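A short write-up of the structure that comes next.
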Amino acid sequence: MSTIEVKKITKKYGEFLAVKDASLSVKAGEVVCLLGPSGCGKTTTLRMIAGLERATEGDVIIAGKRMNDLPPEKRDIAMVFQFYALYPALNVGQNIAMPLHFEKLSKEESDKRVNKVARILHLTEVLDRMPGQVSEGEKQRIAVARAIVRDPNCFLFDEPLSRLDVELRHSMRGQIKEVLSNLSKATVIVTHDQLEALTMADRIAIMRDGMIEQVGTPHEVFAKPANVFVASFIGTPQMNLMEADLKSFSKGVASVSLAGSPVEMAADPAVSSLRPSKVMIGIRPRAFTAESSAGKSTIRAQAELIEPMGAETLIHARTKSGGDIRVVVPRTQRIKVGEVLHLKADPKQTHFFGENGRAVRA
Amino acid sequence: MTIMTKMKGAATAFSFAALMSVGGASLASAEDVTLTMAVPDWPPTRIMKKFFDEQYKPKSGNTVKLEVDFIPWPDFYTRVNASLTSGEQKYNFIVSDSQWLGAFVEGGYFRKINDLLDADPDFMATFKTIHPNPLNAYSTYPHKTENYYGFPQFPDVLVNFARADIICHDEEQKNFQAKYGKKLPCTGEELDAMTWDDFKNVGEFFQRKKGDMLAGKPAEDDFYGIAFQAGKGYDFSSMQINGFIWQMGGDTWDETKAPQGQAEGVVNSPAAVEALTKYLDLIQYMPPVAKTGTMDIFVSDQLFREGKVAMNIDWIGLGEASLAADSKVKDKLVFGQMPGTMGADGKMIRWSNIGGQPFVLTTWTTESQTKEAVDFVKWWLSNDIQHQFAAGGGQSAVKAVYEDPKYVTYRPWNRAWAPQLEWQKDVWHVPQFFELLTQQQDQFDLAITGKQDAKTTLDNIAKFQQDKLKEVGLIE
Amino acid sequence: MTTTAQFLPAPPLFSPVAHNWKLAILAGLVVSAVAIVLFPAKLSLGVAGAMAALIAAAFTVNAYRRRYYGGLLVAPAIAVLFVMNIFPLLWSLGLSFFAYQSNNQSIRFVGLNNYIKVLTNDIAAPANWDALINTGMFVVFTVALQMITGFLLAMLFAKQFPLRKYLLILVLTPMMLSVVASGVFFSYYYDPTFGILSYVMGEITGNQFILMDNKLGAVAGIVFTDAWMWAPFVMLLVLAGLVSVPKYLYEAAAIDRVSKPRQFWTITFPYIRGLLMLALLFRTIEAFKLYDLVYILIRGGQDTKTIAYLITEIANEQNKTSEGAALSYVILFMVIVLTNLYLYLANRRNKGA
Amino acid sequence: MATLAEKFGLRKASGVGEAGWGHTLIVALVSLIYFLPVLMIIFTAFKPSAQALSVPPTLSPTSLFGLIPDQFVFTPTLENFGQVFNRVMVSGSAAEPTGFDVFFFNSFFISSVSVLLALVIGTLASYGFSRYPLKGNDTYLFIILTTRMLPAIVVIIPIILMFRTVGLSGSYLGIIMLYTAFNLAFTIWMMKSFFDELSYDVEDAARIDGSSEIKVFMKICLPQVVAGLAATFVFGLILTWNEFLFALLLTGVDTRTVPVAMNQAVSSGGRGTDWTLLASIETLFLIPVFLVTFFLQNHLLRGVTFGTVKR
């Protein structure tokens, strides 16, 4: 079975803790994205899975076998590098065929396999060229081709699309996803681009400072962020995170002092365990509706900057307490700079976080 | 572009200087005379400089400075040759090997001094007190004519350096007597009386492996009886082989007989072949480095100083080193003349190739410089200074000096000096010296390292000399 | 490539304007050549100097007027090289067509006679051909040994490991020695009586060991010393190549399960090929000039004379300047052919890649 | 689990391209063997001259607590280093200065000035060759390389003559100019390959932003090839430092360099090689270039790397 299991791995460089107690399991056919800002340890985690780094502590289990002490070549994996790592002295065909040498295939068989993946990835035309003579997108596809030309235990991708321009990135996302879905292997993709993660992954593991903050489907991490970090990291425009005083909670309604106004809003029953205290409330910009007049559950804010985004408009507004608030409204709703807004949040999309930063949910 | 401007300026200056300066920038005033001298860097020249600085008072009343360029021996010829032939005209005095005379006289670099001698009877008188053998070798070109060029700086001959502690040891004396029926030479007089056959016996007798008994003690290292120069570099076998050839009735090409004198038939005469064979026969008793063809005068001296050899034939010029503090044999020495060959008349034949160096004046030396130079040479060859020189480790070819009974007391090898002077000869002062020498050294090296026999060697040398000298008209 | 606007068109070759450097060079060469042939050395030198100044001036004016930065930048170097190297080289090239001995003022044009003499004369030529063969042998042996040793050392130092910096400097030291000192000391190491080699061999065989009493030993001694001194040079260049290989290529190769030999040929070698070529180029040029060690260790004995040795004998000791020059230019021709071959091969490889 | 390596602040061995103390041990062994001939020269500098040629050769200044048999141990002395600068030239007289302080200064002055000068001129030229190729650029470059192909003895006569004519003979300027030329070929070839490696984009961007050509060169290009400059400097220094023939023939009494004067010890004081003296001169002479190389070592590696990947 093609699976990957990472159990509490830790990586130390001297005193520096690069990865701490990270655990993750990837099922056959599943694509997991490691997502996080630069320096969060996601690449180190991937390299530990590949065997390019040794885990200081913890276990790496691939296809049911503990592989901690095995060098990369014994792990039977395929990897696509950030800079593609194309062998500069070999032409495209030879590059793709490189992993096949180990399997000692006949020339015909090897050619057949190379041609097959070349066809899948539209590389047939460039097989005779040198890596220096092909485009970035082609390089990327060559790197993928080299990975899928054989039948490894699992696939690892290190920032596969980071060097491509926006358009190519978009089309490659689709292609890679399609290719992977036909292979049913455990796959780990490292990326710092949430769009990439959201579109390609079956599940996303969000990392920060060497720790995995949350693992979940794209929907879960978006709709139910486990903590403030995940909430702020996932979603564009960024979620509004506002400090609030929780006054009281009864019958599913919380009374809070938010952005200088007393507001009543529906909340998860678990919020009851918090009161009364300081909390963090997270509301996505699209979860607001601008009411015509002030109400019990509206926040008052004054529009300061209008950014039309096509179908929608992003408004930066200032609350009474001086905080900044982002609101996305449909294009049709015309709002002028200086206009006072009464914002009402959708209770289903309102997240409460305790003082420890964790989401409070039932 | 400052660099560009600078380059342009330099280029202009360059061409200007090139066009304007034709020759003599070295115009010395009457009061200040500087004599520039190129010398090899070693004690005899250092002493000369020291004496000059401490003692020399110019008679003319001028301020005379002797600027000496001490050039390390290994590069001396290269430096001097390049300086002379490039027309650098840097030096007024040059220490020269006797055999370089032809090349540099013909090139117009060495100044003939006959006019100076004729103009100054005093100078002539001093000059004539020099023993004729060194005088001919160091000063005449063509050889043995009355055309004079140089003055002896450090005259030199080959002598026998011997280890008294080894050769005078009772045990060794007894065993040698038993084996050869002759006394193993021990004193200076006994060394003087040695023939090459005796020398060979010493070589054969003292072949000791590490641990064998040597002078009553186990030898600390392999030990050998004899050593002499047999190296490929410069003239480090010719100088020895010439002596063998002359002593045994052979001859080298004689430049004084040119253009009638031949090389072929003379150089490879049976007597010469026999002499070379005898020389080669001795190599086997020498320290193993001889087999590589690098046994030069310094290597044999070093082996001797380190106590690996019983007898070494070498130049007096290297004598001081054997007495130095770091010499392992400094207090165990006895010196004699180089071995000879017993003539049919029962008299010893001792021909040997002269060593040492003259110094000469160059042709671009100005009038005033020449005047001071003559005074300086007269002073240098004066008895007093020559005595001081000898006392400081030098040698003198001035009759009155070396015949003085004090002379032999200066250094232990001086007892061999006067008798040896009588037997000194020299070879080739012709301009082709280096070509002849290189080819001969190459051929001797082949013989010494066992690649060819004496006959072939001398045949090759004779043929080359015949062709070469014919080409330049020195053989008809 | 940014091209700089050139405000003036290049003048026609024979137009006598101040910035016509081509004309200046042509005139300079012609006048100098005529001067060298006709005038005595001193005067012809002056003329040549003036011509050099003329060319330099033309270059500068040209560069200023036409904003020709290439010429401007290159000019100082060319000027220095011309005066200090190229001019003397041309001079000696000229001399090689004359019968001239530096210690003899007469000079006579003999055309190609010197070349014919050094290559076919029955006195000189056999020695020259012999030395040519020896030189070839030394070039092959020393360069090969340097390349192999340098390469192996570089492999050792390619990885990061503790104390690397301190160990590396030890290996680099031999090339910092002066040839005289290392040559003289190696003659001591090889000495049958005093040397360590003989001592070690003596402990085994019981006899003093004479390394250089035959050609094989002498050549081995020379080659070893030369290679020891200059292998670090090769090592440094190769090492530079090795550390410049991107690490991710080896990582990719490990994951692709590429065997070590294949990794070397497909990843490592392409990166060090250019540097190997550079090392080969410089070391070959130097090996053709091998003289010092042959002189110091064995005085050219045991049939080890090289061409550079002969040239020194002929041109320095015997003052046969023009013959020496002719022999040098024969060598120069060979070196040029060989280095061009190297460069051609290197370029062809590069284009293929 | 802090290993010894970590205690020394070294990264723990892992992954590709890193090795541990085991590797160090192997390399140390090889390096020491390779260094041995140099070490023996340095040791000789510390031997009393009577022990310089002892058989068996002495190999160590200490018996290492009886580990090394006495016959291989010499008694270290510093006397030889004093001899380099002051020694008895004429037996029976007092020690006199040998002039080596001047020779060392000359070597230092002549080498560093000429290598720096070659670096300046050569860098400008290589920048020209790289960025403003002349017609027949490769031919020029090859001709420049050709100047290194002939034995120096061939060009020496014209050079001496030229020097005499312009009065450069025996002067610092003359030998410095000659060494500058001597170093130029190598400098130009090295530096050109460095400049070739630089991306033109940055320069073009700077030009569009209005930088002058001089500013582009000084502010954009030069900072990127600092490593190359260091590397070229070290190589040039090593080659110039030990140059012998030109120095022999073109320096005077006052401008003589150490490699020429060193031969005093090869045949000195009326004897052959003075081993301890030669070794001390070489040991002292090695120090400056050894230190320069050591401190520029990182640049050297990086510089060469950067410059020569592409020819």
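General observations
Note that the chains are named A, B, C and D in the order they appear, and that numbering of residues resets to 1 at the start of each chain.
Methods note: a residue touches a chain if its C-beta (ideal position, glycine included) is under 8 Å from a C-beta of that chain, and two chains touch if they have at least 3 such contacts.
Source: prediction; values computed, not measured.
Of all chains present, the one whose mean CA position sits nearest the global mean of protein CA atoms is D.
In terms of C-beta pairs in contact, the better-connected of the chain pairs A-C and C-D is C-D.
Of all the chains, the one whose CA centre sits at the greatest distance from that of chain C is A. Spacing of chain A relative to chain C, judged by their CA centroids, is 59 angstrom.
Between chain C and chain D the centroid-to-centroid distance comes to 17 Å (mean Cα coordinates, whole Å). Chain B has its Cα centroid 92 Å from the Cα centroid of chain A. Chain geometry summary: the mean Cα position of chain A and that of chain D are 55 Å apart. Shown for chain A are the residues that touch two or more other chains, namely 52. Counting partner chains per residue, chain D shows two or more touched chains at residues 11, 16, 53, 55, 121, 124, 157, 161, 165-166, 262-263, 266, 273.
Across the assembly, chain B contributes residues 3, 14, 18, 78, 82, 85-87, 221, 306 that each touch 2 or more other chains.
The touching residues of chain C, when paired with chain B in their complex, are 41-42, 45-46, 49-50, 52-53, 56-57, 60, 63, 72, 75-76, 79-80, 83, 102-105, 123, 187, 191-194, 208, 210-213, 218, 298-302, 313, 316-319.
On chain C, the positions that touch chain D within their shared complex are 1-2, 4, 41-42, 45-46, 49, 68-74, 76-78, 80-81, 83-89, 91-92, 102, 153, 156-165, 167-182, 184-186, 188-189, 193-196, 199, 228, 236-237, 239-241, 243-244, 247, 250-251, 254, 271, 274-275, 277-278, 282, 285, 288-289, 291-292, 308, 311-312, 315-316, 321, 324-325, 328, 331-332, 335-336, 339-340, 343, 346-347, 350. Contacts from chain D toward chain C in the complex involve residues 5, 8, 10-11, 13, 16-21, 23-24, 26-28, 30-32, 34-35, 37-38, 40-41, 44, 53, 55-57, 59, 121-122, 124-125, 127-129, 131-134, 140, 142-151, 153-155, 157-159, 161-162, 165-166, 177-178, 180-182, 184-186, 188, 200, 203-204, 207, 213, 238, 241-242, 244, 258-259, 262-263, 266, 273, 275, 278-279, 281-282, 285-286, 289-290, 293-294, 297-298, 300-301, 303-306, 308-311. Interface residues of chain D facing chain B in the complex, by the touch rule stated above, are 48-50, 52-53, 55, 89-93, 120-121, 124, 156-157, 160-161, 164-167, 169-170, 248-249, 252-253, 260-264, 266-273. Only residues 1, 3-4, 7-8, 11-12, 14-15, 18-19, 22, 77-78, 81-82, 84-87, 103-104, 106-109, 221-222, 231-233, 287-289, 291-294, 303, 306, 308, 431, 434-435, 438, 442, 445, 449, 464, 467-468 of chain B touch chain C when the two sit together in their complex.
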